[in-house]
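Each of the next two complexes has chain A plus one more chain, namely chain B in the first and chain C in the second.
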Partner chain A sequence: MTDTSLPAVGARPAANVRSRVPANPFAILRRALVYVLLSIAAFVSVFPFFWMIVGATNKSADIIRGKNSFGSELFNNAATFFTQVDALRVFWNSAFIAVVGTALTLLISSLAGYGFEMFRSKVRERIFALLLLFLSIPFAAMMVPLFVMFSQAKLVNTYTAVILPTVASIFIIFYFRQATKAFPSELRDAAKIDGLKEWQIFLFVYMPVMRSTYAAATIIIFMANWNNYLWPLIVLQTAENKTITLIVSALTSAYTPDYGMILFGTVLATLPTLVIFFLLQRRFVEGMLGAVK
Partner chain B sequence: MNRIASRRGLVLGAVLAGVSFLSVAAASAGDVTVWAWDPNFNGATMKEAASRYQAINPEANIIIDDTASQDDIRAKLQTQLLAGSTDGLPDIVLIQDDVAQKYLQSFPGAFEPLSDSIDMTAFADYKVAAATLDGKSYSLPFDSGVTGLFYRSDYFEEAGFTAEDLNNITWDRLIEIGTEVKEKTGHLLLDLDLTDTGVIRMMMQQSGTWYFNEDGSLNIVDNAPLKKALETYAKFYQADLVKPVSGWAEYTGAFTSGEVAAVPVGVWITGTIKANADQSGLWGVAPIPRLDIEGSVNASNQGGSSWYVLASSDNKEEAIDFLKTVWGSDVDFYQKILIDQGAVGSLLAAREGEAYKATDEFFGGAPVWQDFSTWLSQIPSVDYGVFTAEVDSAVQAQLPTIIQGGDLDQALQAIHDQAQQQMQ
Partner chain C sequence: MAYARLDRREQLTGWAFIAPALVLLGLFMIYPIIWSLWMSFQVGKGMNLSFGGFANIERLTKDPVFLRALGNTFIFFIIQVPIMITLALLFAVALNDSTLRFRGLFRTAIFLPCVTSLIAYSTIFKSMFATDGVVNQALMALHIIGSPIGWFTDPFWAKVIVILAITWRWTGYNMIFYLAALQNVDRSIYEAARIDGVPAWARFTHITIPMLKPVILFTTVISTIGTLQLFDEVYNFTAGSGGPSDSTLTLSLYIYNLTFKFMPSFGYSATVSWVIVVLVGILSFLQFLVARDRRRT
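Presenting the complex of A and B:
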């Protein structure tokens, strides 16, 4: 349910890059080559974003003809989008599902990760291995049984049905367990001596100390929730409950798609994840520098 | 520690409060819900139909959800029918004709037969046939994908061809004409996407055949029209008349930008073409060319879909009455959706209305809608069967070889083998 093909988080930027002065022409050449390759990679990554924004300012016919300079249709595209889509409603749906889903996933999955690392037991590793094995089951295979479950619980077409299957995310549990290995057990011991109960240690010692991990996990979970497609598609039945991702995706299936309007919607749908990413990325770096002292 | 504790408590409380109002009410009983894709086409026509029905029955409440794509609707329909849970399903759903048999045969009893209560002879035969299983017809036929050859009349005129020269010709003749148009104007004849079998299917249907025999088994290796269609497809490439494209945007871009001279396609493309108002008067529509074999006619179909009533619906009677009253007999309604959405319905009586008799300046003042409705009544019926999508992908796999002059019999055998494997 959570996207598992995620980049490694927490990789430190290579230190002392600036102080290394290239010693010979070959090194300069190599450096230049690296920059050229990185520039190409950057262009390839950034161009779709650029094109999306340019497209949002152009007429559909111009986009089809391959125009890739800014146009003057932004307000027309916006007007078409807002007449066709109940934007406030779908944004609320998406925001609610993403925010509540993220909060619950963080709480539940981090608690599980903490538990797996902190409490020793004979079967711990076996259960954990089993969990990791479950990661390989494609979601499509679980869809019909899951639907039967939610239908019997009379939860079809509710936010709950979208959020619940994602809150115990195996990947996030794994991620927190790995991160917890770096959590100093002295802190827990000290807290115990101070008379804190286990849940207090988790809430007041573990959580603040691990805030960098939480920040990184928030980015991952929020993006996965915001972009979640297949399950919300199946389980949300009426137009007023659908998320922005579903709505924008469906716009492209018209016989005569209005690409300008669609790209405007795509820009809108992308903004929240971008904002969250940049907001938390800064905190994430801060957290990395001063997390566990 | 206390300060932190209260803050955390607050967050926790907010989260839990959020969870408590997660449930959302579903549509209440007594409403007729409809699922359709494309708010500007299917959604808009259904809304017009609903408002007409509500004018007659003020207490009727028809809820139209046109916010999902066709793929989305299929995924939802399939999951819920498979799960055997029908709570979330609508009362009426739009299904494309070429997948209809798949649903009818895979989920027996899931759809309500409509031929008991609605007279199906009022609609184009081939549309009714697509939704008929064991003598009962399950759909209220909606839009037709009746095909035409849309062409740039200015290019063809420059090359010395009139509308009459394109009237009831064969595909081979079109290739000859296209070659001359290319020599004189520099424009390629058409654009084709190797991942789309639309033109090949069009050629099969106009010859009254499809991928299957009557018993549902594959009809590939000895399928003469299919072989001829593949041969013709290859000829387009060998005559160097094709702009290769990939994806819908590029496909429509090639003819709306004036790059290629013609496009053989379903009538639903009209809106896309007419969106370029500056090309008014530069377009014409000719009957679709036919294959040079016995039984092939100058009329075919591409796409098109129909309305189905779900057997699980609590409001079956009202849903059927709605379809029957508006979609089954309101000729004026069909004039309105033709003008507003460019939707060509399948109700044969609709052609007697004003809008169908009108001429269109965009197409040089030709009575295009009368033409389309004439061709509509001539489209041969074929049985789309259950596995059209599977055979389509087998055909696609062979197209790159075929256009390079690969042996057709070998290709047909390969298509047969791949499709056979998929069907098991």
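Presenting the complex of A and C:
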């Protein structure tokens, strides 16, 4: 929602709200309390990141002892990691699965969201309601048959097996349908008059207009794909096909885990999601906004 | 509800747009779900299955490990979801105040945990909560505890860590939903309430909560589903064991063990997975009821 669509009374006070200073001591106290609580929350949220980066530069023994200053072991940790793990290969596996999976999910789910919202009919409305019911069925209930299906199709241990079941996501279809409600129908009408076909409208009008929605969805889907654990754990069986998440996780269950090396791997495994988030974060809240309306 | 008249062409276009998703969902979701329902009535090892009627359900009631996993999952759900939803709401309301400084900074910081990789945060938690790790040291330095707590070796604290970890990771995620919804709440309502002298707490319970009810319901249902099928965290914290002594064993972890670790009994593990389906169904229904009741009053 943009500011202009707010009623005039609601849109304007922003200016004088900003200038108002809490007058009585009680209000000041409350304000201070809010800052303290938010600061604690922010500290608790960020400290583990700091800990991870510091840890990547320290020896395992120091990390366990709780040392939280930078050390000089970064290159040793990196060297250990690269000798124990075929990092390039494993990183590629994760990247391929996450990127292809995210692109396909965005395309297929947004097509469906657009289709359900723009072309309403009784039958499709019923199907949509049915899908929402299925939204609450946990993955655990499908896991065993899915595994049997993919082993019968001889697709176990392939990227395809990891990606395919995640591509059509009811949650993302729902999200796109909600967001499409805010898509101005005049744009579609104008494009139609200009002689654009429906798929052209989708590709050249809808997608660019809805870029915030796509950005927010990209963050959510990419995160989910990159961190997907249970299904890849089941379906990827040889070390050279596993994702970085699986590989680093296996390192931590060693009898005496080398935390310095592991935290270095962890930094590598976290970078892509962080980069995606910071690249798209400006559009993120905007995009979420369109969907929650 | 009336539908705009669509001509034949538009009808077809409509189907074309949703067809790829429907095909995929049918193949990789609806078909497996129906299959697993069928499986849950089968007994036997590996692929040698035969119809067993309600034998699996009977086995459930006599299986102490299942009952343990069910209890643990329920404890995680009952404690973790309310804590997380409350925290997320409080943060969202605090951050929605336009006079607050560093809003963007706080928002990003609190949201950050859910962008981390799963493996990052479970490793970090494992090393931070090691017996001689940084948390025990800090607590001992502050004289809160006398001797180090064995976070991962004590059945009680192992559960606490799991709850802490999921809360840490998902509070910011839920907060974003509330923040987005709060942007749509007309500010003039708050202004009017403030002028009428309605105290902050009453504004929160009588304006914010009712306004956000649909979003709260949505996030509660989503979190319920997430917590009931908890797997990643416990698997990573305990190297797949659900230990110490099954104190963090969840239903999903038990299904995984039944299917891929022990002698596979697909029928029985499908039955356990349907327990989750039924639980999610019941709990979501209850949550809808609660949300609806409040609307009437």
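Keep in mind that, in the parts below, the second predicted complex is superposed on the first by the 261 of 293 C-alpha atoms of A that agree within 3 Å, B and C clash if a C-alpha of one lies under 4 Å from a C-alpha of the other, contacts with A are read in each partner's own complex, and residues count from 1 in each chain.
As a convention for this text, contacts are C-beta pairs under 8 Å (C-beta built on N, C-alpha and C of every residue); 3 or more make two chains touch, one makes a residue touch a chain.
Worth saying up front: this structure is predicted, and the values here are computed from it rather than measured.
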Kindly say whether there is room for both chain B and chain C on chain A in the superposition, answering fit or clash.
clash
Have a look at where A:F96 lands relative to chain B and chain C in the superposition and call it first, second, both or neither.
first
Tell me which touches more residues of chain A here: chain C or chain B.
C
What is the contact status of A:T83 with respect to chain B (first) and chain C (second): first, second, both, or neither?
neither
After superposition on the shared chain, which partner residues are touched by A:M143: those of chain B (first), chain C (second), both, or neither?
both
Contacts for A:L203 in the overlay, against chain B (first) and chain C (second): which applies, first, second, both or neither?
first
In the overlay, answer first, second, both or neither for which of chain B and chain C A:T270 touches.
second
Partner chain in contact with A:I63 - chain B first, chain C second, else both or neither:
both
Tell me the contact category for A:S185 with respect to chain B and chain C: first, second, both or neither.
neither
Touching A:A112, do we find chain B (first), chain C (second), both, or neither?
second
With both complexes overlaid on chain A, does A:A239 touch chain B (first), chain C (second), both or neither?
first
Run through 3-11, 21-29, 57-65 or 165-173 for chain C and report the one that clashes with chain B in the overlay.
57-65
Contact residues of chain A, present in both the chain B and the chain C interface
63-66, 143-145, 147-148, 230, 233-234, 249, 252-253, 259
Touching residues of chain C toward chain A in the complex: what are they?
1, 3-4, 6, 10-11, 13-18, 20-22, 24-25, 28-33, 35-36, 39, 47, 87, 90-91, 94-95, 97-100, 105-110, 112-128, 130, 132-134, 136-138, 168, 172, 176-177, 179-181, 183-184, 186-188, 191, 200, 215, 221-222, 225, 228-229, 231-232, 235-236, 239-240, 251-252, 255-256, 259-260, 266, 269-270, 272-274, 276-277, 280-281, 284
Where on chain B is chain A touching in the complex?
1, 4-5, 8, 11-12, 15, 18-19, 22-24, 26-27, 33, 37-41, 63, 65-72, 75-76, 79-80, 82-85, 87-88, 248-250, 252-253, 256-257, 268-269, 271-272, 275-276
Touching residues on chain A, where the partner in the complex is chain B
60-61, 63-66, 84-85, 96, 99-100, 103-104, 107, 143-145, 147-148, 151-152, 154-160, 163, 203-204, 207-208, 230, 233-235, 237-239, 241-242, 246-247, 249-250, 252-257, 259
Considering only the defined contacts, which chain A positions touch chain C in the complex?
1, 6-7, 9-10, 13-14, 17-18, 20, 30, 34, 37-38, 41-42, 44-46, 48-49, 51-52, 55, 63-66, 68, 108-109, 111-112, 114-116, 118-122, 124-125, 127, 131, 134, 136-149, 164-165, 167-168, 170-171, 173, 198, 202, 219, 223, 226-227, 229-230, 233-234, 244-245, 248-249, 252-253, 259, 262-263, 266-267, 269-270, 273-274, 277, 281, 284-285, 288-289, 291-293
